[in-house]
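Sharing a structure below in structure tokens format, with a few things to ask.
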Amino acid sequence: MKVTFITTGGTIDKVYFDAKGGFQIGESELPRMLEESHVTVKWEVLELMKKDSLDLTDEDRDLLLETVEGLDTSRIVITHGTDTMVRSALHLQGVPDKTIVFTGSLSPARFRASDAVFNVGAALTASQCMPPGVWICMNGRIFPAADVQKNVDENRFERSPRE
Amino acid sequence: MKVTFITTGGTIDKVYFDAKGGFQIGESELPRMLEESHVTVKWEVLELMKKDSLDLTDEDRDLLLETVEGLDTSRIVITHGTDTMVRSALHLQGVPDKTIVFTGSLSPARFRASDAVFNVGAALTASQCMPPGVWICMNGRIFPAADVQKNVDENRFERSPRE
Amino acid sequence: MKVTFITTGGTIDKVYFDAKGGFQIGESELPRMLEESHVTVKWEVLELMKKDSLDLTDEDRDLLLETVEGLDTSRIVITHGTDTMVRSALHLQGVPDKTIVFTGSLSPARFRASDAVFNVGAALTASQCMPPGVWICMNGRIFPAADVQKNVDENRFERSPRE
Amino acid sequence: MKVTFITTGGTIDKVYFDAKGGFQIGESELPRMLEESHVTVKWEVLELMKKDSLDLTDEDRDLLLETVEGLDTSRIVITHGTDTMVRSALHLQGVPDKTIVFTGSLSPARFRASDAVFNVGAALTASQCMPPGVWICMNGRIFPAADVQKNVDENRFERSPRE
């Protein structure tokens, strides 16, 4: 069992780059995180995109889908910006036979105080414990992609409201 | 569902305290970690002990057992020093109907580079995904308490050698 | 940990009752199944309704919701007719902190060849392995309630089509 | 994801074959069970042995190990007699990166009242929900191979006694 990590950008990989307070997506922090956490599960990291998730296009999501479908691994963690994470997760619904876990962070991994490392630990664990399907791991919870939304005001993920 | 965290000490909560390079166990970093990670699962932290795990006695382990048995929650994460984590985990074998997950870290949570936050994220996730029993979450893996050992030379946890 | 089974009726509990080929919902077969399967997990069975799932009303679903919310157990298996299983499952979305697993069968448990016992074994297992949320266990799979539909033509459950 | 079932014999596949009350291991009932249960997970059945588990030799267990190691699937269910199930499960400890679930039954699957189908439903579910490792699914529970024993007097599986 090898776990494949795919990075798409998002806050988790943001770096502060100038005096004007701008941010850009840097090299992924994932390999560092996995090494510092002494992960002994076999893993690989595919740095697929470096985008703010608000800038992801339909073509980007199709590329992500093709990439996932083309993997010979069945456990996949995808780091992604939180703003459109649900949309991308829904785009991967229907991929058979793979456990796909999206995560990201509300603060950059390069910040001293960040949820990034916690979320990656959670997502790697979920990728080993959850059945095939598409999941979002945020806020210490595991959500089915079809039943989660970002509450922008509260800056957290939560289950969809009851119908 | 509320997750109960019990802290016993160990490297995860160590603080550097003097010029001679000594360490001692400080206030638990757990509440800070859970808050910074924006955990929305209900949780409580019981700071039970502040010991290097090599100093834990049989009485300490009995106290841990009694504490766990007395909880009305069924999902429990225990932070613990790594040196005798397996021994304490085995001491809790047989507690019925609770999912008990031990974790800790190889570097103090107060260090900039540490596996502490990652491991807590993993353990909280495992406490929600694993059936009743006693588990150890380290190195990105989930081990049954009865089938894990610390490889001191390699400074990692691994399954027991095949019989 | 005690698992609460709630029965609502459905094919799983149907009995053949007259020469004209009629069926009605009988006493639940669940206690017999759990005993014959030598289940040692603590369990209780609440026989809540005996209805064909096409006859379930909004009031019935509200009663089911209230019943679940009132339980002090956190692992729940609900047997239910397949025709409106998804609708009832969605009605329970949002119940916090409980792992709720719906199952049922395509053939009555009283038939020699039936998927009933298999499905109950699967659902009891899922109730121990899945995180809080609402799930449907049918056809050897575990579906999130928000991402499953009954394919009536094929007489099976499957994930919702990709958007 | 395809689940590979391996049959080794045991009570689950016993058939009554003569007036003197003898039993022998027949063709595996597994394919019939999976079909009658309308399983839509992809599966294959390897009928490896037809032995009472008391008759399994070290060579048989080595063959089982080689077979498992040679599979390109990572989710495996093994049907096995209960008397030496734990021993065979321990023999497979250390196989990396596969979720291996043993099950069997206390009564033959060909009996009207049997735990066989229930156990197969449970094992197939566990093979999708449990992380890599070796597990035993009996009595509605999931045990780590390293922490289970058959209680012969009570005719059930249970966790090992606390140390």
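Letters A, B, C and D mark the chains in the order given here, with residues in each chain numbered from 1 onward.
We take it that a contact is a pair of C-beta atoms (placed from the backbone, for glycine too) under 8 Å apart; a residue touches a chain by one contact, two chains touch by 3 or more.
This is a predicted model, so every value here is computed, not measured.
Looking at the partners of chain B and chain D together, the chains they share are A, C. With chains reduced to the mean position of their C-alpha atoms, the one farthest from chain D is A. Annotation: C-D is the more contact-rich of the chain pairs C-D and B-C, by number of C-beta pairs in contact. Here the CA centre of chain B is 36 Å from the CA centre of chain C.
If each chain is reduced to the centroid of its CA atoms, chain A and chain C end up 33 Å from each other. Rounded to a whole number, the gap between the C-alpha centres of chain C and chain D is 26 angstrom.
Multi-chain contact residues of chain D (touching two or more other chains) are listed as 128-131, 141-142. Touching chain B in their complex are the following residues of chain C: 1-2, 42, 74, 96-98, 128-132.
By the touch criterion given at the top, residues 90-91, 93-94, 129, 131, 133, 141-147, 159-163 of chain D touch chain B in their complex. On the chain B side of its complex with chain A, the touching residues are 33-34, 36-41, 106, 112-115, 117-122, 124-126, 128-130, 137-142, 155-156, 158.
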